[in-house]
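The structure appears below as structure tokens.
For clarity, chains are labelled A, B and C in written order, and residue numbers in each chain start from 1.
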Amino acid sequence: METIAAFLEGPFWYFSAAVFVVGVVGRLALALSLGSSKSLSVPRGSASAGAVRAVFSRFVPRRDFYRRIRLEVIAGYAFHVGLFVLLFFAAPHVEFYKEYILGFGWPTMPRWAFIVVSEIAFAGLIVLWLRRLLHPVSRKLSDAGDHIGSILIFFVMLTGCLALGEDHESLRLIHLFLAQLLLIYFPFSSLMHTFTFVFSRGYIGAGFAHHGVKA
Amino acid sequence: MKTGTTVNRHATRQSTTWLLPVVWLLLTICGTAVAEEQGGGAVPNPGIELWRAVREGPPPGVSRSQVEGIGMTTLIAEGGERWRQLRSNYVAPWGGWALVGMLGVLTLFHLVRKSPERFDGSSGKVIVRFPDYDRILHWFMAGTFLFLAISGLILLLGRYVILPLVGPQAFGAIASASKEGHNLFGPVFIVSLTLFVLRFAQRNFFARGDLAWLAKGGGMLSGKHVSAGFFNAGEKILFWSITFGGLAISISGLILVFPLFGQSRELMQLMLLVHGIAALVLIAFTFGHMYLGSIGLPGSFNAMNTGKVDADWAHAHHDRWHREAEEKGLIEKAPS
Amino acid sequence: MPVDMNVAQAFMEQVQEMGKMEVPSKLSDQERVETAKQVIRDGINAQLAIDLEACVHCGLCAEACHFYLASKDPKHTPIRKLDLMKRMYRRERSPARWLYRLFVKDVTIDDLNEWEELVYDSCTVCMRCSLICPMGINIGGGVAVMRAAMRTADLMPVEMRLVGQEQAEKGTIFGVGSEQFVQTLEELRKTGLKIPLDEPEADILVLSAVTDIVLFKDTLVSTIKIMNHIGAKWTFSSQGYESANFGYMTGDQEWQCAASKRVYDAAVACGAKTVIVAECGHSYPTLRWAGAELMGKPLPFEVLAPSEFLGREIQAGRLKVKPIGKQAKFTFHDPCKIGRIGGVVDAPRVVLDALGVDLTETEPHGVENLCCGGGGGNFLITRALPLRLKVFELKMKQFDDTGAEEVVTSCDSCMMNIMAGTMAHQWPKPTHSLMDLVGHHLA
């Protein structure tokens, strides 16, 4: 057990973190380096303002669309907000960042809040994944990579919660190991949308704004 | 294209059929382990003893009320002790065996019955049975239920079944994980159950024709189809069992998870009993349901998979619904 | 005012005849695949690359696309129309291409054949999907690249190919060229209309469109009346008169450039400060947004959509109309090329307000308006008619829900598509061109 722990907290941790950072930065940089031609037509509105606007306005779907995708929006928010709260405010996580990455910590949430938030996140994730499986459109669109992403996240979250008893080192290590696998998988998958969404929204917002349309 | 799908479907069917005896074998091992723990499992007439024990429990006043009365201390301690015994001496072994028995019955049934009608889409027509939202809810609930059932069964039976296999250290971790996982998913199940019941209740009210269906045992033994509407009486019974059984499980579970309201040990013990028995009953029910929803009635699984069923399947199993759909022009051409 | 249905019928039959023709390609399948791949590869710029990386395959875009909404067939999901592009990106441009090559299949001729239908018949490049997509993916932009790839591989609906070729090579569309245009003007002059043509100097160059010459002559007449009414110094040009640009719709840059260049030269020749395109949806973004890129420099004139022009003139007080009155209920259909893509949404409302009509908006409308299904050249594709008619049912329902008795729009493609739907569904509501409506109610 000790050797496994030493491996996971030592070399393997550095390896997975490196793959993550290099992968994410590299993938973004290479995509962006393809460049695009600058628009020569007389703009009807400011493209850069439109870009910023779209990054934020896309968090709220338009009314006509919302009526059609209510379930997806609610489940989507439940999962994503839940995940980020867990990622940044769960006591064990902050402890980990403090010890291995940043050297400092910040206030964390109490245990009961942790549980409630993870329940919300789980409900959201399960519904989203089921929708991916059961809706004919997303079923056809999804490839193995998408399912691996969902399932990996699910098991990372699950093992994290199963380790809540904090009385078995093995449970904690399983969680850590899965989280590291996730880090390695991340840059090769559509989980990249965590970062790319800023750019893709920015681009479309700029394009529409150039034409005088708020998107 | 066409041949490809047929082959695929066939392959899945085969693999699921193989799974059944495997699961059955696994549970038999579990059962044996439990029995050995109990000294060969030589209990003369468990049913009678179980219910006698239940009847002999503490006075109803105590078990039903959260108010702790004066001078009841002794009774509580005694009753609590009795119920704990009840749990480990009766609920655990007999619950375990009941589940194994259920699987046995299903396997036997599957082997001796004449092979059921297949609906391979030869009609070329389909009817939408469950829209996306219905299916998402079903699997949301079924998934959380199964997770709770597995983690719960580990809590109830793991000591007899898993501990001897993996040793105390590993079992400690498994038990701890199961407990955390079970507590975590309990509330999620409650949410899914609520959404599911709200969505499905209306279609499950008993109606004319249900009694006749029941009287004929749903045609399960005769092999003849009995007239039914959207849901048959068996499904409706399943639905209401899950609704009320789920309610009992949820309330007792919440009381167990949150001992915040000064629940007495007495009440907790009772709740553990209620929770365990209700859970076992529902798990046994869902074994049957899972069988019928998959290999038991070929064609059924489509209802919860793609949401569309073969029109012939609908005609055979839910003829009155089929007629309605026909009248409303809801029968579609099957996608190629 | 509404169009002569017999003329419309004849026109549609003419288009259908084209659909039956066979135009063999000189390219072998191998060459087709190679050229198509090349165009796709080169077409992937930073935005598309980021988009292809960002897509989470959620499928929400389907809920915005009229083709999916009408057919409920998952193959009509917008992002699926870029599937070949995604595969190309993964195999050849993505940083992880060494990995993707192991399991992402290469593009084949069968794929191209399948996708031809997806990028032409079942996409009008209306951009609505980009409004719903949580990642803001530019699917329309990707479809444009796909169309360019298909075009170079000689894989496009025969009608579009024939018309595009005709415009590029002969400068005519449906046999209508400069000669026919001038002839039409001559005939109109006989009715007493004053029509400036090829004036050496003018402030405004007004364009026409083949559809106005063949089908919607009233709109042409109204345009002339309005221009005269406001007392502008305007002209038509016998060389640069055509708004329609089949290069843009088919995805052929050369054709597109040739067509735009004619207009450009005509405008420069008379020193026009303003060019007003005809009510021909795609011609507005073609010139307003893509024109400068094609010419490689900002255009020396402004480009206005008809509704934009009308709205401006009304607000400036130069254009005076008599109110129609509230007795009839109207609704307005925003053409996607002019509303969502063109950015002209308020102007037509200004016009309708000045006309004093009882306007009830469809839900949704404006930037979010649902495409009628006829844009992007789709109207020409005969084999796509059944799908188009299904799409039109959605539109019909939206119109009916407003309780309006008459529909106004400002795009010939929309007009033709609505007319086709009207005929097929025996739908009794008349549809007007905004220009024509104004032309008939000049004060």
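Criterion: a contact is a pair of C-beta atoms (placed from the backbone, for glycine too) under 8 Å apart; a residue touches a chain by one contact, two chains touch by 3 or more.
The structure presented is a predicted model; accordingly, all values stated were derived computationally and were not measured.
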Based on mean C-alpha positions, which chain is nearest the centroid of every protein C-alpha shown? A
When the contacting C-beta pairs are counted for A-B and for A-C, which pair yields the higher total? A-C
Please compute the C-alpha centroid of chain B, do the same for chain C, then give the distance between them in whole Å. 57
Centre to centre, by mean C-alpha position, how many angstrom separate chain A and chain B? 35
Any idea how many Å lie between the Cα centroids of chain A and chain C? 38
Overlap residues in chain B, where contacts from two or more other chains coincide: none
For chain A, residues contacting two or more additional chains: 135-136
Interface residues, chain C side, partner chain A - complex: 44-47, 49-51, 53-60, 62-64, 68, 74-75, 77, 79-80, 93-96, 99, 130-138, 141, 285, 288-293, 296-299, 302, 340-345, 363-364, 367-368
What residues of chain A sit close enough to touch chain C in their complex? 26-28, 30-37, 39-42, 44-45, 54, 58, 61-65, 68-69, 72, 76, 132, 135-143, 146, 187-188, 190, 192-193, 196-197, 199-205, 207-208, 210-215
Please give the residue numbers of chain A that touch chain B in the complex, ascending. 71, 115, 118-119, 122-123, 126-127, 130-131, 133-136, 158, 161-165, 167-168, 170-171
In the complex of these two chains, what residues of chain B are touching chain A? 132-133, 135-136, 139-140, 143-144, 170, 172-173, 176-177, 179-181, 183-185, 187-188, 191-192, 305-307
